[in-house]
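We call the chains A, B, C and D, going by the order they appear; numbering starts again at 1 in every chain.
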Amino acid sequence: MANSKYEYVREFEQTDLLLPNTWIVVRIDGRGFHKLSTKYAFEKPNDRSALDLMNAAAVSVMKEFPDVILGYGDSDEYSFIFHKSTSLFQRRASKLSTTITSTFTAHYVYLWPTYFPMKPLSPPLPSFDGRCVLYPTTKDLRNYLAWRQADCHINNLYNTIFHTLVLRGNLSPQEAEAALSTTTASAKNEMLFQGFGINYNNEPEMYRKGSVVYRAYELAPVGVPVSGNLNPDDDDGAERASLSKTAAEKEKKIRSKARIAVEHVDIIKDDFWERRPWILSGKS
Amino acid sequence: MANSKYEYVREFEQTDLLLPNTWIVVRIDGRGFHKLSTKYAFEKPNDRSALDLMNAAAVSVMKEFPDVILGYGDSDEYSFIFHKSTSLFQRRASKLSTTITSTFTAHYVYLWPTYFPMKPLSPPLPSFDGRCVLYPTTKDLRNYLAWRQADCHINNLYNTIFHTLVLRGNLSPQEAEAALSTTTASAKNEMLFQGFGINYNNEPEMYRKGSVVYRAYELAPVGVPVSGNLNPDDDDGAERASLSKTAAEKEKKIRSKARIAVEHVDIIKDDFWERRPWILSGKS
Amino acid sequence: MANSKYEYVREFEQTDLLLPNTWIVVRIDGRGFHKLSTKYAFEKPNDRSALDLMNAAAVSVMKEFPDVILGYGDSDEYSFIFHKSTSLFQRRASKLSTTITSTFTAHYVYLWPTYFPMKPLSPPLPSFDGRCVLYPTTKDLRNYLAWRQADCHINNLYNTIFHTLVLRGNLSPQEAEAALSTTTASAKNEMLFQGFGINYNNEPEMYRKGSVVYRAYELAPVGVPVSGNLNPDDDDGAERASLSKTAAEKEKKIRSKARIAVEHVDIIKDDFWERRPWILSGKS
Amino acid sequence: MANSKYEYVREFEQTDLLLPNTWIVVRIDGRGFHKLSTKYAFEKPNDRSALDLMNAAAVSVMKEFPDVILGYGDSDEYSFIFHKSTSLFQRRASKLSTTITSTFTAHYVYLWPTYFPMKPLSPPLPSFDGRCVLYPTTKDLRNYLAWRQADCHINNLYNTIFHTLVLRGNLSPQEAEAALSTTTASAKNEMLFQGFGINYNNEPEMYRKGSVVYRAYELAPVGVPVSGNLNPDDDDGAERASLSKTAAEKEKKIRSKARIAVEHVDIIKDDFWERRPWILSGKS
């Protein structure tokens, strides 16, 4: 039963190498998590255990993939950033997206009982989809992350007041939706404060800012702008590509031993990046 | 904190719609399963529980995705076939590959304790990668499946004799490898039979043929060739595309209720397909 | 001045191999031909010389590329069909589209003085864009060509009556447009006949049907349906792929010597294809 | 003859939008120019008229496409650079590559009699293929151009001595090839000088450096480094994207009126770029 007569079918596989020297984002999203959150009675507007589980799975992904330099997550989504110099899986798009999604899923399901000991899983199980997005410049990458964090804020503010109106204001979901349909952010803040004594800024940072996951080394001093902070990348495309194999292996090892920090901090402004210059430089 | 100034980053997402009217194969592969099989002491050359777990996860994928018409697996890989008329996820490649890979992974990890009650999982966890491959014709698709089944046979024959030589013939792995390096299939069969009294054809079909997973309806009578069996597809591209939404929903429902069969049979010859015409016709 | 330090830039070139065993259409379109037709005072609704020039350029493309099995053109566009078994340029999309577009353009400009001896070209020159489109089945391919020929008919009927209303009916272009905005095909036919004594079906076939360009061998007898006419392709993917190099070269030679026919005939119905079975079989 | 039943075939066209905020290179190459150079008896190692014709066609491309910021050519190839902020043709790869290739071809054929009045063209005509390549950073783009210019130098040095050995040294082509097979650049220089009194550095710059085509405005003063010369791009991705339509139109007009310079100068070092800051800034 020689296999040669069938092997021509391999030619139908198409290459999908991602453009070199660009930042790779793999963003994964929970599939049908609205339904899932009902099935397992997640607390509204935020379920602490569910978010902790997402973060724990993200930390596991970072541990298994030293090439991931940062993760950012909120709600049922997570973005994982690969340095633009990465050559993991020869930058094959499908390999990167499926591997990250699968690893995240494995840990999510594996860790579920730890975070929801009283709520055993049953099919259909939680799952995720994923995709690769490329950003050519550090600025574009940071704007991507700013977009996700601003989105987290917008959604959380909305959800916080919506559920307050329903749970404590005795509005129906429809009434609450109508009440919020045209209000500005500041009007929402006011509504929360005047109506319910809630200062939105005192809400947990985890809910307002999402979660940032990265390798923790010693912080750089405050206020010392990193040279070319906003675009440290343009200069080193070729250099990093030619980083010796030994050096690359060594860096990988250092990274794989680093502690993974999970924080709920602003990543839109410069401060976060200036004090952690190793994240964007790709040098651990 | 308006989000609009960052939203331009969405334009960097690129579309990856798969060519219409072509068969879609999503093939997933275990990552680092050689190491995994050592860690969990899988039996060689075949670990029945590990294969049963793969099949159980595949059945779960079929249940969650009525659009999958057939799965074929052996060792640590599985191929899932979508009918060429599918419009699931608008045929977006990354969505299809990541969702299938994630769902499979979720069930694999979830079901692990059922199949390995004495071997609890620990990180790094099992995970899979995946990719989409397109086949324009039924013939190409069947040749793809034939390629995988022939590959299963070739590998299993090799592994069977290799492990027999090591375990019962007291050869070192290197000696066994050397002994097998140039032998033909028939010489291998002979070696098994003469040396160890093993008739390869009596080995379990699951190991020799792999596993086919599909929806089981009533078999068609033997020997009645389905009209255009080898290429029933060319004629109905447009027609199926224009299948009314109601009809499509109805078909989906029928499919999602069908029993999923797991069999270890030949899918290279015509018989399997002729007796199960609904698989390639896409009509349940 | 060693070049090696710069050569890494080659890695940014991305492969774009088209899926094997699918029909390739390269369709080219005139850029800004509305303006061009004014500049060179093309006759309305059809300029015979302009169409003859398009056809002459298409014939030249067919002569230079034996792999092109058929061309179909109308107005300022032309579609060139490569057999699904072609391996020209390893099926690289950009190579195929740019080469065909460039060759067509070269001949269009070169032959211009022959067809417009009194209207010398001046910059900006006529140019074309092009793209590759894949069709997995013969049926899809024939429907593509039917789409173009039906489009030719629809546009030509509209243009014929529009220009008749303007030139002979003394309507302004706006009035003519308004008059035609809701009329059906049959109403348009009637309007032409009643108002101006024009029987649309007596208009030149070249204008009503466009132009088909193909290699002319001896026609098959009428009414003998070619076996599997509508889907002769499913069966021979692998076989043709494995056509020996010598045989392929020989076929190419036969094809490159064949006379190129330019006809204005129906290619929507089966007759054209049944009597010229070599076109879709790819066997000259 | 409604067209609707065929229109589904449009869904088979696939989008090919190039990643935003990356430099686009369209490189075109002469097809079979080795044969062509024999047919029309081009002078060896360089035919001045043939190169002038290439440059004239390139200038025409720049005139018709204000979005092209620079062209670089040598031998039978030309690279055209689009600013990373361009949105021409929505950045569709096939549209960009075919249009540039077609326009270049049109002018090449049209201008041929001007440069070769005694050598009328005959089929097969000169034609070109083309492709798009993306570069994420200015540095990568400049390295691409450096690669092409270094390649020009290497080839020209080789061809100069090869043809000198054949024409004046009475070596056969095979002997000349053998003599050159292992020589370094400096040995080649020496060979030219000692053997034939030729100082390679006195050869025409057009042959040694190729041709740069760009819009000529007033040069910036020498030695004043442009801020961020090597990476002026990272900062303005979003800004330029949001350039108002009116402003963009105005810039386009300014550019389309500029004189096109054709020069044979070094573009590997910084000087060229520092004195012409408008090229990479995209601001005319």
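Definition applied: contacts are C-beta pairs under 8 Å (C-beta built on N, C-alpha and C of every residue); 3 or more make two chains touch, one makes a residue touch a chain.
Remember, it's a predicted structure, so these values are computed and weren't measured experimentally.
K.L.:
Using just the Cα atoms, superpose subunit C onto subunit D and tell me the rotation angle to the nearest 5°.
P.N.:
180
K.L.:
Shared numbers divided by all numbers used: is that above or below half for subunit A and subunit C, i.e. same or different?
P.N.:
same
K.L.:
Using mean CA coordinates as chain centres, what's the gap between subunit C and subunit D in Å?
P.N.:
For subunit C versus subunit D, the centre distance works out to 31 Å.
K.L.:
So the centre of each chain is just the mean of its C-alpha atoms; given that, what is the distance between subunit B and subunit D in Å?
P.N.:
49
K.L.:
Rounded to the nearest whole Å, what is the centre-to-centre distance of subunit B and subunit C, using the mean of the C-alpha atoms as each centre?
P.N.:
Centre-to-centre distance between subunit B and subunit C: 42 Å.
K.L.:
Of all the residues in subunit C, which ones touch at least 2 other chains?
P.N.:
8, 12, 14, 19-21, 134, 140, 143, 238, in rising order.
K.L.:
Which residues of subunit B touch subunit A in their complex?
P.N.:
1-3, 6-10, 12-14, 28, 31, 60, 63-64, 93-95, 97-99, 101-110, 121, 123-135, 140, 143-144, 146-147, 150-151, 153-154, 185
K.L.:
Using the touch definition up top, name the residues of subunit A that touch subunit D in the complex.
P.N.:
For this pair, the touching residues of subunit A are 19-22, 84, 134, 136-140, 143, 230-231, 233-235, 237-238.
K.L.:
Using the touch definition up top, name the residues of subunit C that touch subunit A in the complex.
P.N.:
Contacts found on subunit C: 5, 8, 11-12, 14-15, 17, 19-21, 238, 241-242.
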